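Below: a set of structures, written as structure tokens.
Both complexes below contain subunit A, partnered by subunit B and then by subunit C.
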Partner chain A sequence: MHMIKLGINFLSSPLYSFTLFIVLFVLAMKRMDIVGTKKFGMGLLIFTLVVFAWMVSDPVFFSVISLPDNIPIIILNGLVFWSTWYALYKGNQNDIRIAAGEPPIEGTPENREKVWAWPNLVYTELFCIIACTIFLIVWAIFFKAPLEEPANPTWAPNPAKAPWYFLGLQEMLVYFDPWMAGVVLPVIIIIGLIAIPFIDTNPKGNGYYTFKERKFAISAFLFGWLALWVFLIQIGTFLRGPNWTFYGPFEFWDTHKVVAENNINLSEIMWIKLFGIALPKNIFVREVFGLIVTGLYLVASVPLITKKWGHKYQERMGTVRYYLMIFLILGMMSLPIKMYLRWFFNLKYILAMPEFELNL
Partner chain B sequence: MSDEAKTSLNRREFFSFLAVGWITFGAATAGLASLIFRFTYPNVVFEPALDFIAGVPGDYAEGVDERWKNGFGVWIYKKDGRLVAMSNICTHLGCIPTWLPAESKFKCPCHGSGYYPNGINFEGPAPRPLERFKIFRNPEGKIVVDKTKVFRYEKGEWNSDGAFIDS
Partner chain C sequence: MSEGFAKKVANTQVWKAIFRHGPPNNARNRAAVVAGNVFLHLHPIKLKKSGVQLGYTWCMGGLTFFIFLSLTITGVLLMFYYRPTAEYAFTDIIGLREHVPLGIMRELHRWGAHLMVITVWIHMFRVFMTGSYKPPREFNWGVGVILLILTMLLSFTGYLLPWDQLAIWAITVGSNMAKATPFMGNGGPGAALARIGDFVMVSDKNDVRFQLLGGRFVGEAALLRFYILHCVFIPLVVAVLIAIHFWRVRKDGGISAPL
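On to the complex of A and B.
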């Protein structure tokens, strides 16, 4: 038992758990015919519940998940799991029907019948409002908000954690400059989400569930949502302890856990480690490699992507929409790329110009 | 005038009522808005003074000294007799790092930036070293720390006048 726990602690470090998550995610997207079945959903649910029950029996793990702040995240996990799987399941069912030449379930004559918003929809909404209110009141009675000491601008709790829904963002900040992870990327995320209906004008999947017909759109969205947001919330919540150090799920939060880490910028790697000379004085000379890499990533990669894979999308979507999509995807991928660079090379910033508050 | 005539307003009366009504409504709204605006400012602010007297150099042992951290947000660091005053604000996103004497480093609780005792960043996402404040001796020989003047390492200011005192 002890060995298994140690193994889980080891595997849940961000590098391994994130990699594992991505591998599983890609597999799931590839084998939707398996994932989108009731058997798979039930099996996964039972497996997760059993593993979770076993983990909860560990006092350290229990002490972390039973914090009032962390309970919503457990609930969120259940809801995310359910809604994602259910949508994929319905999509899979329709895909099977479509492959057999039938219309999707939503398109059958008996389902095309329409009902009035009043009372059908309004009653449901009213019921949901009442249920939510009751839930929140019960919640407030059972889980008290903590009363802490008065705020002190010269002292911070350790670990200092954001509200749970922002912990993914806080985890993202570990790999980025505050300007990037706190301002630029969130703005791109919000604008990008708003822009989706204008960029994605493909009528397939309107009004019915499907996966096969919208493979790329669905997997790209789910990757950003599940791997880069929900999963990072898990890491930030359950696996980050004092000093924002990583702690495995069964690891005691020991404030004095020492992690050897020495992060360096790309400029230092190139000039000092590779060429063995001091950093040049002029910051543009110093950061020349960072400028090149950033330029390659943002500009030179675009025609390459287009040639290898994107041209069919470009024809279908039109040039402006296509380039906007590429830009959003490059922005999204900058996060996992930066995470791996940090894990493998201890790379702090590709482009480090603290003089201008510009660090990428 | 008959009673009947009094039950309805003529045009002029109507407009004067309308004007009074609108002015009252506007004034009430403006008053409420100004109250709300006022409410966004605290009644009392407990802000530590921006400069303070920090004893004499002999008070400090070599290494990091935490005595002004909670009151003023300043660490005094002494190395080979040279005193500097360091800001306790992380250069990443502005959290307050903790001084860990056992590991001999500052460690930020927010995203894990680490700093050497002299304030140079070496781990985590912090893009630059901790800032330093102006420190000088007043005519009585006492140390004064002035937080209004900041010295930044990446601008090469740590060796300028006022960034340190030698004892």
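On to the complex of A and C.
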């Protein structure tokens, strides 16, 4: 048992758990015929519950998970788990119907029929409101709202964490400077979300669950939502302890855990390690590789992507929509790319210009 | 006897003054009950069957609105007990906890706030998975994204108000990000360029973080700002946007269904 826990601690480190998550994600997107079945949903649910129950029995894991402000995350996880599977299940059902030449379940003559809002809709809403009220009251009775020591500006708790819904952003701070993680990436997320209806010109899948008719849109959205938002919240909440150091789920939050900080910049890798000379004085010469890499990623990659894969989208969507989509995807993918560069090469900054507070 | 009594009540002048129609058990009255009630008339009188099924809508948008209303009510009740000053804020929360028998208003408010963030997310997820943002509903999706951000800002501003260690350090971590805003934050890229000779245009005394906190750190000015943002400003904006959101749901053809 001890060995298993050590193994889980090891595998939970961001590199392994994130990679595992992405592999499973890609597999799930490829085999929707398996994921979108009741058997799969039930199996996964039972498996998750058993593993979770076993993990909760560990005192260290329990002490993290039972913090009052962490309970919403467990509710979130339950709802994300259920909603993702259920939407994919309904999508799979409809895809089977559509393949057989039938309309999606929402479009059957019976379901297109109009019904009275009273009582059909009003009673459903009443039921939901009552259920929600009961749930909230029970939650409020059994869990006191947290209250710590009075505010003390001279003594910072370690770790100091933002509210849980921003912990994905705080986790991004490991890989990006605050101007990226706290400002640029959130702005890209907001612009990207608002732009979705204008980018996605696929007329199919409007008003019913489906996967096959909107494979790319759904996969891209699910990747951002599950891997880059919900998953990072889990790491930031449950696996980051003092000094924002990684701790496995069964690992005691030892403040003195020492982690080697040997991250280096691209300029140092190139000039010092590769060429064996000191960093040039002029910052633009020093950062020439970073400028080239950033330029390649943001500019030169676009015609390459277009030629290899994007040209059919460009024709279908129009130039403005297409380039907006490429810009948003590049912005989104910059996060996992930077994560892997950090894990594999200990890369701190691709472009390091502290003179202008401009670090990438 | 009880049925007779109900009939008698429904025939009194008082009842008829409030509800201008009979019980909603026939087509005419079912239309009247929805159209004649200011709250119920958010709904259409009739709608497609697919739109009333829980398996399709998950009721997450409706629940979000319900939780918003509950938070307004519990929030107003909490305001009776709470003074947003560094001197009183924390002790008022202690008082709320120690002296109000069986009080769960703070719990309802806090957990409700967390739950609202979650239901907004799941609502957006459902809207995405059913493709409901597609024409003609593009604009309303955008309104929803703004509401999502405002929901998180509401929760974030409220996080400071208990004035305990959890509060000020969470807000310190969060508001430190504003310091890094390009050109507008004292520690952000480009801010160092904004200077004329020795005169620094973007300093920690005037950047976006200073505007947000009313100071250079999370202090009493920040508490008052967050209190007013949390209790007055953001709820007002949210209320207006909710009105637009609901109005457009109706105008764009109601709950989405296959074309």
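Please note the rule applied: the second predicted complex is superposed on the first by the 319 of 360 C-alpha atoms of A that agree within 3 Å, B and C clash if a C-alpha of one lies under 4 Å from a C-alpha of the other, contacts with A are read in each partner's own complex, and residues count from 1 in each chain.
Methods note: contacts are C-beta pairs under 8 Å (C-beta built on N, C-alpha and C of every residue); 3 or more make two chains touch, one makes a residue touch a chain.
Keep in mind that this is a model prediction, so the values were computed, not measured.
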With the two structures laid over each other on chain A, which partner does A:N262 touch: subunit B (first), subunit C (second), both, or neither?
-> first
Look at A:A160 in the shared chain and tell me whether it touches subunit B only, subunit C only, both, or neither; answer first, second, both or neither.
-> both
Does subunit B (first) or subunit C (second) touch A:K348, or do both, or does neither?
-> first
After lining up the shared chain so the two structures overlap, which partner does A:K312 touch, if you call subunit B first and subunit C second: first, second, both or neither?
-> neither
Tell me which partner A:N243 touches in the superposition: subunit B (first), subunit C (second), both or neither.
-> first
Would you check which partner chain A:V174 touches, where first means subunit B only, second means subunit C only, and both and neither mean what they say?
-> first
Check the residue A:H2 against both partner chains and state whether it touches subunit B (first), subunit C (second), both, or neither.
-> neither
Figure out whether A:G107 sits in contact with subunit B (first) or subunit C (second), or with both, or with neither.
-> second
Chosen between subunit B and subunit C, the partner touching more subunit A residues is C
Would you sort A:K39 into first (subunit B), second (subunit C), both or neither based on which partner it touches?
-> neither
List the residues of subunit A that touch subunit B in one complex and subunit C in the other.
-> 152-153, 155-157, 160, 170, 177-178, 182, 355, 357
For subunit B, which residues are in contact with subunit A within the complex?
-> 48, 69-73, 88, 91-93, 95-96, 98, 100, 102-103, 107-112, 114, 122-125, 127-128, 154-155
Listed in rising order, the residues of subunit A that touch subunit B in the complex are 152-160, 170, 173-178, 182, 242-245, 256, 258, 261-263, 348-349, 352, 354-355, 357, 359
Which bits of subunit C are touching subunit A when the two form their complex?
-> 24, 27, 30-31, 33-34, 40, 43-56, 58-59, 62-63, 66-67, 70, 86, 90, 93-94, 97, 104, 106-112, 114-115, 117-118, 121-122, 125-126, 128-135, 137-138, 141-142, 145, 148-149, 152, 155-156, 159, 162-170, 172-174, 176-182, 185, 187-193, 217-219, 256-259
Residue set of subunit A touching subunit C in the complex reads 69, 72, 75-76, 79-80, 83-84, 87, 90-91, 103-107, 110-122, 124-125, 128-129, 132-133, 136-137, 139-141, 143-153, 155-157, 160-166, 169-170, 177-179, 181-184, 190, 193-194, 196-198, 200, 202-210, 214, 218, 221, 225, 355-358
